[in-house]
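In the two assemblies presented below, chain A is common to both, partnered first by chain B and then by chain C.
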Partner chain A sequence: MTSTIEHSTVSAPALGGGIYRRLNFGTALIAGVVFAVIAWWVAHSLLDSDGRGFSDQVMVITAVGWVVGFELGIGAFTSIGKWFTGRDQTHADEMYLAGKDAGQARYWRFTTDHKVVGVQYIVVTMILLGAGGLLAMGIRTNLLSPGNHFVNQQIYNSFLSVHGMLMILALIVAVAGPWANFVVPIMVGARDMAFPRLNALSLWTLVAAIPLLLGSLAVGGNDMGWVTQAPISNQSGVGFDLFAMAIITFTVSTTVAGVNTICTVLTMRTKGMTLERLPIFVWASSIAAALGLYAFPFFLVVMSLNISDRMNGTSFFIASEGGTGWLQENLFWLMGHPEVYVILLPAVGALLEITTVFARKPLFSYRTSIAGMAGLAGLSVLVWAHHMFTTGWAPALGGPFMVTTEMISIPTGIIFLVLLGTLWRGNIWMRLPMYWVFGFISNFIVGGITGIYLSDIPVDNQMHGTMFVVAHFHYVFVGSVLFGAIGALCFWYPKVTGRFLDERMGKISFWLVFIGTNVTFLAMFVSGLRGMPRRYSSYSLIFEHMNTVSTIGAYVIMAGMLVLLGAVISSWNKGEPSGPNPWGSKTLEWLVPTPVPLENFEVLPVITEDPYTYGEARTNS
Partner chain B sequence: MTSEKTTTSRAIVTIGILWVLLTAAGVLVSIYATPWLMPDSASNTMHMGILTMIIFSVAAAPVAALVYAVVLYALAKWRYTGEGIPPDGPSLRANSPLTMVWIIGSTALTLFLLVWGLSLLASDNSGQGGANEMTVNVTGQQWLWSFQYPSTASTQNGTPVSVSNEDLYLPVNTPIKFNVTSKDVDHGFWIVQMGIKINAIPDTITTTEVTPNKLGDYDIRCTEICGLNHSYMTTKVHVLTEKAFSNWLAAQPKHF
Partner chain C sequence: MTVTHNEHAESGHHEAPEVVDGRQRLGIWLFIGGDMISLGALLFTYLYLRGVNSGGHWMSIVGMPSKGITSAGPDTFTPTTLVEQPMANGLNWLIVLVVVVSAALMWLGEKRLRASVNGRGAFRGYAAAATVTAVVAIVLQVMQVRNVPQYWIQSNDSALFAYTSYGSVVLAFGISAIIHFVLLVLLGAGLYVRAGRNVLSYEKWYQARLVRFFWVWIAVSTIVTAIVVTLLNTVH
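Coming up: the complex of A and B.
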């Protein structure tokens, strides 16, 4: 069978085309600041009864001004504005938006090409991880010895809250942001996402949220913990308002991104790409996106009610006025536990993808692994109250929530079965991505098992609110999710850049991060077992040794992450060239040229088998 | 075919031996390290908590050991040492009996842990109670604890008064019921060596119960972030003999 391909030349977009062709990150910053100042001035004049200039109302309205201005300045609303005024987008407009022939400039503006958005997400993730990591170093430095020698308690508490929230945001987007955007459309055989403009919107809305979160530190911080528990959240200064507005903005970004991923997978698959032939990473990303659509509305609601209690005098969470703090905790954890799996599943999907390629084996038990991931997602919406065992809320529900929580170990076990089954008798190629897979397995078994202790109420009565919990979820978030995210970066880096990530620096970084993670958080388990509560800025002398060990371990992680950052930057233009498919993978993203052309495929492929045919005789070719 | 079978069975035997050794090591560490790492127990609740930690660790040891055994064997024996992309491995797409065994095994283990945990929870909830139960009212505020003994309540000049103190004194072997509240924001009331913890919440009363079974001084630490001096919101529990406790209680001044 032969087919001819008509090559036609599309002329470069005509210059001109109105002011919106001159919008970029710079104009967005300017418009954001201008709108924020105007919003502040209006709110200050109308609402600021005490005249300090920074009441809760003024702060919230200023934040809204910033976000609206930023979105206008980046051009997020230009297309819909043109449609509204009756002028349709021309082909040249669409090509401009997709960043055709725009070179480096397309990375600095509202570009709809999913690969550009993927790269933008890589950079945003690194900024979030870097800022959160610096705050972690601040926390650990203060805990090096008792007595608050580094920062005072208020700054320490703000560091805790903003570190927690930055890292949660970073990990939510760490795999899903770069790779559900860059590779999922290619994996399913699509030319772009289902809604390319929404894709760019989700990225730039996330970018708009970051200055709010960091800005909260500048105006006194949220010194009341990242879980924003009421009623103490009402004691925090205006830093809390920016903190909450950052989260509200972020939930918009995530919802838009999640809808887009699901629609892309459901509607944009190429001919023959049945659901059963989808790469496992596509399944993982879709399940995580669907779970996010359930979870993040709770996040938006709980932050909105919290702000309302502060600025409108409502009393949703104030017991003396008819509300209850338990409502805040329920809403928060209705989001908070599914969110763990929104974070975890894409990382697991990426690692499974890496394992099949580097063990040269089909994915072991494809259907079971989908069932495992769906099981994790399903159970994760039924376990939220295990965060509340010691709050005194509904003691009669303790048993049921203990049952659902411990059942999570069954689908988790399936993930391990699939990983081990895929490794079984493989020809394991120990290149850089595979290091992170083995690191993940080792860390995730620790993170998983310690979770089972905490699900047991008599044990949780002792361990809740201690460093044991902190160590447990850092084994999951750092030891498992971050390892998955870095593994995914090492794996797909050659597809993005056409070059390998420096193997030697990458391995140095792996060993530093792996050893650092285990030193830091094993010592933290010991602190917790011995009775050190979490969120303490200072502690009794009996905890000093283990805290010093944790701090040294944290510095080692930081060193490893800096080596990785160095490798990512230095290999971007100077790394060893890789060619289009350096790993010999069979998923579609490796079968298109590198760099991937705009719209990915000259001719959309027709799929006849799944991408895991390692060791199988081809029936036709 | 034969050589493939021999390699597979050799792998299974080696992994089996590795599994047994690692499990044994895990069980030993669970039994000896867990109680050594945890605080001394001053109540049966804490004792059962430590025992549960040990049992869960022992139950988890074979699971972790199996994963590590397979991973170590894979790294040692299945690592490709040649140049370039390795040749394909065998096409093992599924193994339904193994998958079923794995799922049934993990479900059985989970059920065992659940039965243990739920029965312990039930015995906890059946209440130490009894006729000689003593009530202590616990109040948290930024950033100290106070403990009030309602059994000493009386009136002076028409004002209700009772004994209250910033250290907690308790009689040994007496079931205690704590009614916990807060004056400002949420705090976490935790007696470290007794294994009980409950939030102190403004305008709300939460309860927890424990029977101290060992004389001595123990620690109370706040476990819910409560502002600036959260890390300094600690105090002591003094468990006395019943006689020493009544003497102490009688000697205390009463206030509003």
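Coming up: the complex of A and C.
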């Protein structure tokens, strides 16, 4: 029997389908503002507030109003409402939510397709990095010379706090957000993430958190530093409340995202995609997600208790009433150090992925690299007190924590050796992504080894609270994680857009950022070694030269990032077409068409060998 | 990576309910894991503050009892050291009992739903009962929170409400419990409605089990909290 299909022009379906089909970013902003104003008005009317109509309670309730309104306005609660009333979504609803035939509009609404969410994360990450970077420029401009009053001390301190937290949030999502969403489901052979609606929820919850964080600057700022040190945090103005509510909102976002990543990898792998055939980036993202599930509840709790001390009269962190600041430090760093590896691991995974492709070699010691990542994650939960060596907390535990901190250099070193081993005698193809790999290697050596110095109590006693520490963690976060994130962007950009990222502009950007990073933070090491304390808006004349150098370096980084931004924007529609697999990669995301169709695969693939058979293929040929 | 096409891939890209259930089961366990960490952080807070007993203020405070005072200012303020007693455990354990009964009802309801095609009606009854008991738990927990002693303390030139560190953590446990109980009520009511619309049935019972997992976890967390607060309330 034969059959024929008649093709006819089908007019676009009427919008219909209820109000949720009319919701988008614009309605979210409107609803968020309306709910925030209503919440503020109700709270202000019922509770005590200052002359501006602000108080801790009023600000917290206003922030809750904003988040709830924004989520309602974007349509995040629509599915929950439908579940509650027993009217589950139809296939047509799901296709609508996935953005089928929606064109560019799908990027501006609650879209569940993981690739759309991935692109949305790219944009959100750029906004976070841009805002945090601008504040960094403000800080560095103020430190250009001693006594420079580009901003006053209060604003300077607020800039420090918000810069720190914006960048932490940006780097947490910089690789895991865009790429664990865009490529991981395809890499494992799945049609989407395990929970597509939760995926979109995590993205839009993150978006809801950003105005709170930036808004904290508008209502007096938070001058406590990003670690929100108690009990000083009790003295901060109402800006602190928005700051803390932003973090609480963010923890919800990242917890949802972490659960989604793990479930996708563990339950949605296609036939033949055994755990030993998972691309290394998938392992890195999964381990980071699991570590985040452990770490971020502490963030939620410590910020909740901080707010409670300010608005409920509790005394968790107030020593005169039975609390203690050490509790805040413990809870914070129980989150804070694992979070470093939540940030680092996806970046390292992406760089390992890039290295295998451009060295045309299998990943050196695949199992060892997984063991290294798992070891890193495991040890990272046992090192938190090294942040408290100089606080006087539990001196007897200093030795054990020094040992665990030094031990973490072992799995870190293993991963580093895996990277070097993959490069060793490789047939290296020096395209743009590889520049960032080599930049990472150079910077991470410096950031990693100075970390080992700081883990030693005698050295830490000297260096704690100095610019040396600032230089160390910026080598890790900027020199390593940001380089990994940009490398990942350069690598997967052709898969997202079907075009290469402008190679020339990309290389200019690389050299500017690489040189700028080293100029800025090497000079900062020197300032720190000479004893310059961190978090000061002015300083003694003896630190002037190194600070001037650091500031110049920071402007060079900014120039490099602007060039990169220009390359991303200009290449999006006008870049050189790349085809579906420009790098000749063997992982699944490169074997599907570009642009990747909705649901990724027409027929699910069956995997018959591991993803890094480059050397074998060359031998066979 | 060598790839072949999976000839047995599902048509129309729809997955079997069992497959979706397996994924959701892992998801709910991971969320419960995150919730366990949060509870662990609160328990750590409780035990840490009790262990440190900063300034001897685990259960004492320099101030005035708030009870009966309608207004207080610096002029009328004569702070003294007040020693607090551990809160009575009766209400605490009554809440535990109610939540455990609630979880048991949900579990029994799920069993009835899975047992026979006629179990849907019984499930609705159990779900309604479980939801009502969760509401009772909320009411009791609100009473418990209101029982946490509050004091006036002097702060610069004004007087503020405050809790001892013991009272602070008990308050945090209480508020956390209320949030979780509200979630239970929403989930229970949702299951009741869904069973009424035949979305939950003998063939489609998976979501009832997911909710039951969470319900039982909340019962367990309530028990753990009650044990700690009952046995380890005074300074060691």
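The working rule: the second predicted complex is superposed on the first by the 597 of 621 C-alpha atoms of A that agree within 3 Å, B and C clash if a C-alpha of one lies under 4 Å from a C-alpha of the other, contacts with A are read in each partner's own complex, and residues count from 1 in each chain.
In this section, a contact is a pair of C-beta atoms (placed from the backbone, for glycine too) under 8 Å apart; a residue touches a chain by one contact, two chains touch by 3 or more.
As the structure is a computational prediction, the values presented were derived from the model and not from experiment.
Chain B and chain C, once both complexes are superposed via chain A, fit side by side. After overlaying the two complexes on the shared chain, residue contacts for A:R530 are found with chain B alone; chain C is out of touch. By the touch criterion stated above, A:F473 is placed in contact with neither chain B nor chain C.
With chain A as the corner point and C-alpha centres for all three chains, the angle toward chain B and chain C works out to 100 degrees, nearest 10.
Of the two partner chains placed by the overlay, only chain B lies in contact with A:Q235; chain C stays clear of it. By the touch criterion stated above, A:Y555 is placed in contact with neither chain B nor chain C. When the two complexes are overlaid on their common chain A, residue A:Y366 makes contact with chain B while staying clear of chain C. Of the two partner chains placed by the overlay, only chain B lies in contact with A:F438; chain C stays clear of it. In the superposition on chain A, A:A319 makes contact with both chain B and chain C.
Once chain A of one complex is fitted onto chain A of the other, the partner contacts of A:N330 are limited to chain C, with no touch recorded for chain B.
In the superposed three-chain model, the partner touching more residues of chain A is B, compared with the other of chain B and chain C. In the superposed pair of complexes, A:L420 makes contact with chain B only, with no contact to chain C.
Shortest separation of chain B and chain C in the overlay equals 7 Å (C-alpha atoms, whole Å). Contacts of chain A with chain B, set against its contacts with chain C after fitting on chain A, overlap at residues 319-320, 324, 326, 613.
Note for the complex: chain C touches chain A at residues 1-7, 9, 13, 19, 22-24, 26-27, 30-31, 33-35, 37-38, 40-42, 44-45, 48-49, 52-55, 57-62, 150, 153, 160-169, 171-172, 186, 189-190, 193-194, 196-197, 199.
Looking at the complex, you find that chain A touches chain C at residues 83-88, 191, 194-195, 255, 258-260, 262-263, 266-268, 270-271, 277, 293-294, 296-298, 300-302, 304-305, 308-309, 312-316, 319-324, 326-327, 330-331, 334, 586-588, 591, 599, 603-611, 613.
Contacts from chain B toward chain A in the complex involve residues 7-8, 11, 34, 37-39, 45-46, 48-49, 52-53, 56, 60, 63-64, 67-68, 70-71, 74-75, 78-80, 85-95, 98-99, 102-103, 106-107, 109-110, 113-114, 117-118, 120-121, 124-125, 180, 184-186, 188, 190, 192, 195-199, 201-204, 206-207, 219, 221-232, 234.
Within the complex formed with chain B, the chain A residues making contact are 153-154, 157, 160, 223-225, 229, 231-232, 235, 319-320, 324-326, 359-368, 390-392, 395, 398-399, 402-403, 406-407, 409-410, 413-414, 416-417, 420-421, 423-430, 438, 441-442, 445-446, 449, 452-453, 455-459, 461-462, 464-466, 526, 529-531, 533-540, 583-584, 612-616.
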